[in-house]
Structure formats: C-alpha cells, structure tokens
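Take a look at the structures below.
Two complexes are shown next, each including chain A; its partner changes from chain B in the first to chain C in the second.
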Partner chain A sequence: MKGMNQATDLVSTGSTEKRAERKLTDRYQALLFLAPAVLVIVSVFLYPVVKLVQYSLQVQDYGQWKWVGLANYRGLLNDDIFRQAAKNNAILLLCVPILVILSIFFAILLYEKIRGWQAYRSIVFLPYLLAIPVVGIVFSYIFQYNGILNEILRSVGLGRLALDWLADSKLALPTVMVVIIWKELGFGVILFLSRLLSVPEELYEAAKLDGASWWQTHWNITIPQLRGIIQFYSIVAVITMISWVFNYVYVMTKGGPGTSTMVSELYIYQQGFRFNLMGTASAVGVILLIVTSIVIFLQFKVRGGLDSDTE
Partner chain B sequence: MSKKRIIKFFSLALVLLLAVTALAGCGGGNDKKTETETQTQTQPVNLTVWWWGEQEAPGAQKWMDETVALYQKEHPNIKIKTVLQSTDQLVPAFKAAAAAKQGPDIQYFWGGVWTLEDAWAGSLVPLNDLIPAEEMKHYINNNERTFDGKQWGIGWYLSGNAIAYNKDLFNKAGLDPANPPKTWDEFIAACAKLKKAGITPVAAGVKDGWFGGWLWQLLNKQTLDSVDDIKKAAVGESKFTDEKYAQWWGKLKELKDKGYFNNDVASLDYQQGQDMWLQGKAAMVFGNDTFFPGWIKQMGVDKVGIMQVPVYGTGKMADTITVTAQGWGVTSWSKQQKEAANFLVFMHTPDRIKAWYDNTGVLPADDRFDASAVQLPQMKQMNEWYLTKPSLNMENFIPSMLEERGIFPGVQLLLSGEKNAKDAAALTEKAIKEWRSSNPAALEKFKNWIGK
Partner chain C sequence: MARVVLRNVVKNFGDVRIVKNVNLEIEDKEFLVLVGPSGCGKSTTLRMVAGLEDLTSGEIIIGDRIVNDVHPKDRGIAMVFQNYALYPHMDVYENMAFGLKLAKMPKAEIDKRINEVAETLGITELLKRKPKELSGGQRQRVAVGRAIVREPDVLLMDEPLSNLDAKLRVQMRTELIKLHNRLKNTIIYVTHDQTEAMTMGTRIVVMKDGVIQQVAAPQEIYDKPVNVFVAGFIGSPTMNFINCRVISDDGKITLDAGSFRLPAPAERFTLLEKHINKEVLMGIRPENIHVGENAAQTYGDSRVEALVEVVEQLGSEVLLYLKADRYSLTVRAQAGTRAATEESIPVFINMNKIHIFETETETALF
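Moving on to the complex of A and B:
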C-alpha cells in the first residue's frame, strides 16, 4: 500500500510538473503566436507615432534635428493660417448631420421600394466608388465661372445666380462641402439600408395596424433601430471631415482663393513638403491624432453606455 | 511543442533578426563610404532619375528615352530608370525622398532657391568635384545654383518669359502685329482697343497659384535693379510694402479693373488660361518660351507674335527678359554620384544638345549649342534677347513660403476683387515675416546669399 502511495505520489508529482511545464509551454506558445501581430502593430503604428511626437518637438536645421520643446506648438497657436485651417475643419463638421439626415432619408426611400429603387440604389452609391481626384476635377469644371452650372443658370434666365463658386473666398468652402456630401452620401445610404433590411417586418406591420403615420413609423421604429449605425457613421464622417478631406481641397482649390479653404491636412502638406518645416507639420499631425483619438474614445464611451442601456 | 524546441525557435529567430538588421545597416548607413568612387566598368550600376519637363517642353520624353538608350549602349553595366513626375509631385516627392534619404540619384530642379533649399538641407552634393570645370563653364546660368562657391546643380534647358500674341486678333482690333506695345501705356491702349473689338486682351488662370508667381516676377522686377533687391526684402532689410515692391500690384489691379483679363481668371488654372489663348479666345498670354514651338506648330508660324513684357518701371531689370535654366542635381545619398554626374555630362555632349533642340525646339542651357540651327523666328528672337538683355527669374530667389502665403493668395484675391493693391502688398509682407520667424536657419542662408 505504502509502495502504491509512493507510486501515486510520484505520479502526481510528475503530473503536476508536467502540468506546470505545459502551462509554461502554453504561455510561450501564446507569446509566439502573438509575436508577429505585436511586431506589426509596434512597427506599423507605434513607431511612427513615437517618431511623429519626437519630430513635433524638434526643428530640422538643414539636415540636423534640433530639440525645441513645445516651440512648434506655440508657433501654431500664433499662426492665423493654422487657425483658419482648424476653423475650416470645424466648419466641415457641419456636413456630418447633413450626411446623416440625407443618408437616412434616401435609405428609407430605397427601403420602401419606390418606383425604380434598384436603379436609384446604384446611382446613389456610384459617387462613393469614384476616385476623389476624379470627382474633384469634374466638379472644378462644373463650378468654374464659365462652367456648366453657370451656363445652365444663364440659359434659364438665372444669370444673377451664376457665381464664381470656387474662386470667391466666401463661396469656395461651402462649394467644397457640397461636393464632399455628394461623394460621401452613398456610403451612408448603403449602411443604413443594410441595417433597415434586417429590421423585423412585424414592427412595421404592427405600426401600420396601429394607424401610425409615415413620420411616426420612422421616428419610433426606424430611427431607434438605426441608432448604432447612426453613431458609427457619424464618427466615421467626423473623422473624414477632420483628417480625410485633403484630396478634395487639393484638387479643387489648393486651399484658395487666398487661404479660404485651407484645412489642417493641406497645412501639414505645405509645411512639410513645400516649406521644409517637418517639425511644424509633425506638431499638426500630433494635434490631429489627439483630436481623432478623442472622437474614437467618445464613440466607444457612447456605444458602451448604449449597450449597457440595452442590456 | 517542447521547451527546448521553443528556445531553439526563438534563438533561430533572434539570429535571423540580427542578420537582417545587420544587412539593413550595411545598406542604409554607409552613405559616406565610396560615395564618389567611380565603379569599375564591369560592376553593375543602377541610376534612378526623377525628372520633369515633358509638361513644358513636349518632346523631352522622347529625347530622354533616346539619351538613356544611347548611354546604356555605351555603358552596358549601367541601367538608368527614369521617372517622369507631375508638376504637383515634383517638389513634395523629392522632399519626402530627402526625409527618408532614399530616392533618385539624379533629380530635376528648377533654378535658384528650388535647388539651393535642398542643397542647404543636405540633400545634394556639390558638383565641382564630379564635373570638370572646363566642362561646367559651358553650362548657362550656373550662377542660379551657386552657393558658398560651390555648384549645387547644373542647367539642362532654358526657359524664358515673354508675351505671345495672336496676330489675327491684333489685326482684327486694328493693331499692328509688327509693332506690338513696348511701354505700359501702349499696352493699356492696345488692351482697350482689343476689348472694344470684343476680344479678351489677356488670357490667364490663377486658381492654382502658379501664374501669380509669373505675374509677380515679370511685373515686380521692373522696379528693381537685381535679384539682390528681392533677397534684401526677404531678410527684412526692406519691406514688401515699400513702393519699390508694391507698385506692381497697382499695375495688376489696373488690368483687373479695366477688364483686360478673361472674366473667369480666378476660376481657371494656369494651364487652362494658356489653353484659352491657344484656342484663339484671347489676344495675348504671358507665356513661357518652352511652349512656343508647340504653340507655333499648332497655330502657324505667321499667326504667333512674341513681345517683351511692356515696360513701366525704371529699375535696371525693367527692360530685360527673364531666363532660367531648368536643371539637375545629384543627391547626397546616391551611391553612384560619379556615374550620375557622368550621365549629366553625357546630356551635354554636342550630339545630345542638338538632339534636344531637334526634339523639343527649346534652347538648351549650353553655350556650345549652334544657334544657327534655330529656324523659328520667334525662338531666334528669344535667343537674341537672352544674349542681349537677360535677367534672372525672381521667383527663384524668394522663399517658397512667400510665394505660397503671400504672392499666390494676393494675386488670387486681387483678381477676384476681394483685395486691393495695398492689402495684397501687406499680405506679402506678412508672409515674409512669418517665414523669417518660423525659419531662422533659412534666413541665415538668405543673408549669406545676398551679393553672391
């Protein structure tokens, strides 16, 4: 019996050791499997961010980097063109509610299968598939002072409305906004439409039986059902307006006339690649990164709150 | 997987990582070693050339392809890859390459500050040790790229500015095409006649800014004595709001107010403005002579006249023709600097100089070019002006920030009627002050550049 116990002890000690070894092996294996992903994340995301922050605290003095602390950031605060760029990005945020409302409206129309809805679905989504430079060039021609739009206006006796859309500093930014909305709308419509297609039909049937009007039906059923997608799309649109409008502006106005359509991305481009001021360009990059991160953080925060409400 | 195997795996991975790092180090960090050494004939050499020029000198691409083919035939161990850049890409692509210290061996540059800013940034090598002085002395406008007694780039072809006019439209307005206006008053009178005849006097487009720079250098130089005047204003020894620097804005405003530009000048790009003239929709265009051969071919040699920009100023540069040499530099990170310079010299061999003219009709930046080969009367005239009354292009002697933040927007806003001449001048002064405060290192370089 004693011998048996000893044997059992040995077996159990052995299996404990084996278990411990296996645990260690599992841990190494886990690390091993994670390593490539970690390496990619560090090299692709973390390293550039660290370098960006580092450059933002330095100036390039003809080949040599010199530490200047927060001087680049202070310089930005004193630069009215940077302030104008930030202000223009803020104005572009006005596109977000317009995009959301229009996207929901068109998605509902398509969901209700209005006559020719299949064709409309493709037409609405088509602009989103076009390359931004192509869109920019086409609209640059359309909005020229003697372009198609003004020619049409003049031909129907509305010549007084024929304005210099992209060459008047008061009109240029709103005109660019129109193009951005036209281009970005398709993505929102498809997103909302996809969600609508998964809403249970019974909800609408019940509303119909209760005698709910078109407005009541969508206000009380559609909008709550789309809430998650509205948040997602709003965040994506906000990020687009803050840091994804360079192509539109560069192709259509190059920031002009004057600096009336300057945006932060174009500002970065000019500082870094025209004026050799990589430090300042990096500082704006850091600011954009912080702002965008805050927006994403808020999204998670809001989503988290909503998810717990739902539970 | 056993613990031993895992350790073995990690060890192997570590060794591989170290090996890769070491190899990468050998490739990237050894840029001083053997940089200027000529490689032997048998060693393979790869040269990369980033260039621009087909846009303003059609036929340049054909010439470049021929030149590369001939050079590779003569030097079988050398392979040359050429990348034609777009106008908007040219500067930023090189700045990005310079930041990474990777990119072309040979880079195309406009003159003056467009070359020297990158030389100051340590992205170029001086060519004095790579190209013999005896050879270099034949290249025209070397002074645009000289700093600290060193030659940081060399010219390739000449690019000058004059006004091209449509002789038929001049006739239609009752103007004598054989006697185009020479003074500002004559010019204004001619514009009035053209407008009265229902012809747009001057075609232009300033939406993308570039043409604003041309107008500035062509009109503002007339009140200046040399490019040093502009450098002095850049460093703060004088102001862009002083009469000497601001007077030209008044001339531009006069043209705008009298309706002598096309009514959509503010909403067209520079190229669209030029195309408008080419389509016969306007009588005159401030042109670049690199375009003249193509325009003349399209419109007919008897239809196109050229004239100097009418004179209003009394500065020494008033009655001159702007000419710059578009050119090349060799990058500091190139491992084949000598080979790169040899290829540049090959571009200047008599056969290649002649071939350049034959392909493009544009004058090469080399005094060995036989000018008797020039057939077009307009280009003969340009060549004569180059020899008798040349001046440097002022756009090549100002910081890019002044252009982007002062001149381009100033011209746009003045031509769209949103600013007057005084405000536009104030905008340029503001821009240069911003440059001085944000770029003290460049300011020092500019100070050292005055008088040289």
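Moving on to the complex of A and C:
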C-alpha cells in the first residue's frame, strides 16, 4: 500500500513538473507572438517619445547636442509667446462645452425627425469631411475685411458689424473658434445621434405618460442616456483644442495678428523649424504630451464607469 | 376607476389601415384582454387609449370624457411596457417617483405611496437598486409598481410578460390576477398568448387584421367561437378542422368527410338542414376526440381510423398527432394512453361537441 502511495506521488510530481514546464512554454510562445507588435510600438511610439524627452533636456550648439537639464522648460516659463500660446489653448477649451451643447441640440432635432432630417444629417456632417486647410482658406476669404460676410452685413444695413474678423487681435481667436466649431460639430452630432437612435423609444413614451414636457424629457432621459458619449466626446474635443488646432491657425492667421492666435503647436513649429530651437520645441512637445496623457488617463477612468447607467 | 369606450376607432399608418372601426366598451374594474396574432392591431389600439398614437377617426372615452385630444398624462392611465421601459439611470425609487415628482406631489406623499406599492409588490428591498441590477421578474414588478403608484383609473399593459421565461410568466400571471383582485382597477391587457388571455381576462377581445372578431368571457370564447379564426386561435392544442359535406340520409344528417362519415347530433338538424349538400367546416377540440374501449362504447357511431404520427407524453396527459385521410388530428388523451407511431388506431369523436362553420364566410353555425 505504501509502495502504491509512493508511486502515486511520483506520478503526481511528474505531472506537476510537466504542467509547470508547459506553462513556461506557453508564456514564451505568447511573448513570441507579441514580439512583432511590441517591436512596432516601441519603434514608432516609445523611441520617439524617449528622443523627445531627451531633446527637451538639451540644446543644439553648432550641430552638437548639449545637456542643459531643465533650462528649456525654465525658458518656456519666462517666454511671453509660449504663455500666450498656452493661454490661447486654454481659451480654445471654451469651444468644448459649446460643441457638446450644439451637438446634442442638433442631434435631438435630427432624432425628432424634423422635416428633411435626412438631408440635414448629411449637411451637418459634411464639414467634418472637408480637409482643414480647405476650410481654413475658404473661411479666410469669408472673414476678410472685404469678404463675403462683411459684404452681406453691409448689404443688409448692418455695416457697423462688418469688422476685420481675422486682422483684429481681439476678434481673431474667437473667429478661429467659430471655424473650429463649424468644422468639428458634425462629428459630435453624428456621435450623439447614433447613441440616441439606440435609446429604446419606450423610455420616451414612458416619460410622456409620466407627464414630462419636451425639456423635462430631454433633461431627465436624453442627457443621462448620453452621459457616456458626452464624457467621451468632451475628452476628444479637449484633446483637439490642446493639440489638434495647428492647421486652422496656420492657414487662417499664422498665429497673428501679433501673437493673438498663437497656439502651442504653432509655437513648436516656429521654435523648431523657423528658429531651429529643437530643444525648446521638444520641451513644449513634452508638456503637450503630459497634458494630453492626463486627459487620456481621465478618459479611461471615465469610460470605466460610463456603460453602467445606460444599459 | 373608470370605464373605457372605443367608438368607431380607426387608425391608418400611411395608406395601410391597421385598426378598422373598433367598437368596444370596457366596464369599470374589468380585466379585459386584447388578444390576436402579431400585426392584428391590438397594441395600436392600446396605444391609442394611452394617447401614444393619434386616432385617424373615432372616439375614445375614459370615464365620462372624450380623450382624443387629452395629453396622456391627463387621461388617468398608466402603462406597463413589454420591455418594462424603466429609466436605466434611475434607481427603482426614482423610477417610481418620476411621474409623481413631475406632478409636483409633496415628497412625503410620494414616499408614502411608493412604500405602500413596494410593499404590495414585494420590492421594498429593491428600491435603491438600478434596473440593470434586477432580474427579469423584478423589473417586471417594478414596471407594474411604477404604473400603479400613480393610482391610475385605467392600467394598460402591453405584453408585459412576454420577456419572461415560461416558469416566471406563469408565476407573474397569478400575481397580476391577485393584484387586480386587490386593486380593482380597470385593466386593458394586450397579449398574443391565448393562454394568458384565457387565464387572466374577465373578458377577451380577439382581434385579426384590425377587426374585432369576438368579445366574450374566456369560457364562452372557447366553447362558442364565432368563426374559424377564433376557434383556431383560442385553445392549445388548436382545434381540429375537417372539411365535410352535409348529407341527408334517411331522416338523419351525416357529415361526409370523404373516407369517413360522421353522424350529426340530432339537436343540430334544424341548423344543418339549410346546408344539405353543401360543404362546411367541422371543428372539434382535441379533448373531444377519444381513444380506447370506453370511447368505443360511448361514441361508437363516430369512429375514424387514424394513423399515429407522433406521441407526446406530457405526464398529466398524452397528445396524439394523427393522420385521418388528408386531415391532421390532435387528440388529448388521458395519461397512460398507449399508442405506437405508424400504428393505425380507431378514434371516436364526441359529436355533441362539434362546431360547424360555413365554408365561405367561415362563420359558426354552432
């Protein structure tokens, strides 16, 4: 009997070893399969990031990179133009609530199938399909002092409102914001509309029977149902305003008049490619990366709980 | 509480007429069931009562006022939807309180009502849960709770049990009947399930293609269907139908089905005499076809030879699916009845229980 037990022990020990060995092989196999993807990610993402951080801590001196620690960052804090760019990026964030509110409003209008809603849906989405430089050039013409907008204003007797939209330092940034909102709105509308279309119609019918008015229905039913999408879209829009507005500004104002429409991306471009200050440009790049990473982190955190209430 | 009257109610969707001139009177405290196949217009009719659909023409009266142009919230109705339609972002309490809050009811009164209803329905411990944290049965209860907490005159239910599994459906059926007995409000209940209709309704309205076929108490609908559609729709397993020619034979009337002949009951001669040499449709329910020795003695003159195709042992009874000539017959036999497939057996029809329908109009002679 004792001999038998020993034999059983041996067998079980043997099988445990085998299992462990197999586990190890499986793990190597998994790593092997993952390797190409890891390599691609490292080479196209991690390597540039490391290089960016490295450059941000150096300056180029006659073709030679010299280590300067945080000097580039300190320089940025004292640079009025960078501060203006950061401030403008912050002002552009005002577009986010406007985009969210307008997108929801238009999505609801389309959802309620106003006459010709299918045509409106295409019209609203059309600007989103256009290339930003095209949009920028077209709107540059529209907003010129002698552009179409002012001509229309003058022709209807509102000549006093015909302003120099892009050449006035107080008006240029708000004008750029209008163009950004016009261009980006379509994405939000389609996003909210697609979510609305998946909300069971019975919820609205139940609200109607409960005595909810139009406003109460959308405030109590629609908005909570869109909560996840609102959070997602807001984060996308924030990222856009922080690091995706270069094209608009470059085509329409080149940061002017003066530095009134300067944004971080344009600042990077000017420092890096016009003044050949790659260290400074890299430092701004790192700052943008950190800010957008924080936003993305928040997005992931938010998305973790967003599905819970809308099932 | 209130009675509901539908007068010449018509509903068109585009060019298609979904509800065709419906006239119906639902008494106060009645549990009326609208039943029919998909697309028969029963849900549309209910939604018109709710105010979720406008009428093309006609009148709907709740209590003593015409409500055609009255907003749903002011009709004194509440509705339980097929998919419950609970607000997913609100907990059970908030779901139930939503309508009351909109009606600007004092918080203390809302609390009182919700607690009472929650206790009645056994959902007190669920009040702080969100709908996704509830089972199908619990959601269904909450949906009912949300409706009755408003203390409606008329409670409308649109297939409220169809999303539940079979066992839970039977349980909820009983609970809804008990609830009606306790609350005594007028209920209009839509279902496509004839068993639900038979077990729950004080009266049943059978609809087809937007037209009311019959309005009667469950047993009356079962025993005296007015046409082939009602006869076939109500009852499970469904009624058996046999095409026959009415023949006068030496002072008696027989029904000639081709390969077999069946004697018509003497008390029906008067009705059948007008149809001598005409085709009619005979209907007989599965429990009125018998097998075995005793049946041979009792109903020996209405014997039909049939081939056993399928035998279903249900424990409490046995269902035999047979072929007699070109007719498929279903027989509900007693538990323990033995029959082998492909075997030819004699079955005996209780001719006192037959139904006869005119072939052309499909309306019942008796």
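Throughout what follows, the second predicted complex is superposed on the first by the 281 of 311 C-alpha atoms of A that agree within 3 Å, B and C clash if a C-alpha of one lies under 4 Å from a C-alpha of the other, contacts with A are read in each partner's own complex, and residues count from 1 in each chain.
We take it that a contact is a pair of C-beta atoms (placed from the backbone, for glycine too) under 8 Å apart; a residue touches a chain by one contact, two chains touch by 3 or more.
On a predicted model such as this, the values are computed, not experimentally measured, just so you know.
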Between chain B and chain C, positioned on chain A by superposition, is the outcome a clash or a fit? fit
With both complexes superposed on chain A, which partner does A:221 reach: first (chain B), second (chain C), both or neither? second
Looking at the overlay, what does A:243 touch: chain B (first), chain C (second), both, or neither? neither
Which of the two partners, first being chain B and second being chain C, lies in contact with A:89: first, second, both, or neither? neither
With the two complexes superposed on chain A, say which partner A:24 touches: chain B (first), chain C (second), both, or neither. first
Once aligned on A, the angle formed at the Cα centre of chain A by those of chain B and chain C, in degrees rounded to the nearest 10, is 150
When the two structures are overlaid on chain A, which partner does A:258 contact: first (chain B), second (chain C), both, or neither? first
Quick one: is A:278 in contact with chain B, with chain C, with both, or with neither? Answer first, second, both or neither. first
Is A:62 touching anything from chain B or chain C once the two structures are fitted on A? First, second, both or neither. first
Between chain B and chain C, whom does A:103 touch in the aligned arrangement: first, second, both, or neither? neither
On chain A, which partner touches more residues: chain B or chain C? B
Between chain B and chain C, report the minimum C-alpha distance in the superposition, expressed in whole angstrom. 45
Need the overlap of the two footprints on chain A, from chain B and from chain C, as residue ranges. none
For the chain A and chain B complex, residues of the former touching the latter: 21, 24-25, 28-29, 32, 59-63, 75, 79, 81, 143-147, 164-169, 253-254, 256-259, 269-270, 272-278, 280
Which of the residues in chain B come into contact with chain A in the complex? 1-3, 6, 9-10, 91-92, 95-96, 99, 117, 120-123, 207-209, 263-264, 266-268, 399-401, 404-405, 408-409, 412-413, 416, 418-419, 434-435, 437-439, 441-442, 445
Looking at the complex, which residues from chain C come into contact with chain A? 50-52, 71-74, 77-79, 81-90, 98-99, 102-103, 130, 132, 146, 150
Please give the residue numbers of chain A that touch chain C in the complex, ascending. 200, 202-203, 205-212, 216, 220-221, 224-225, 227, 308-311
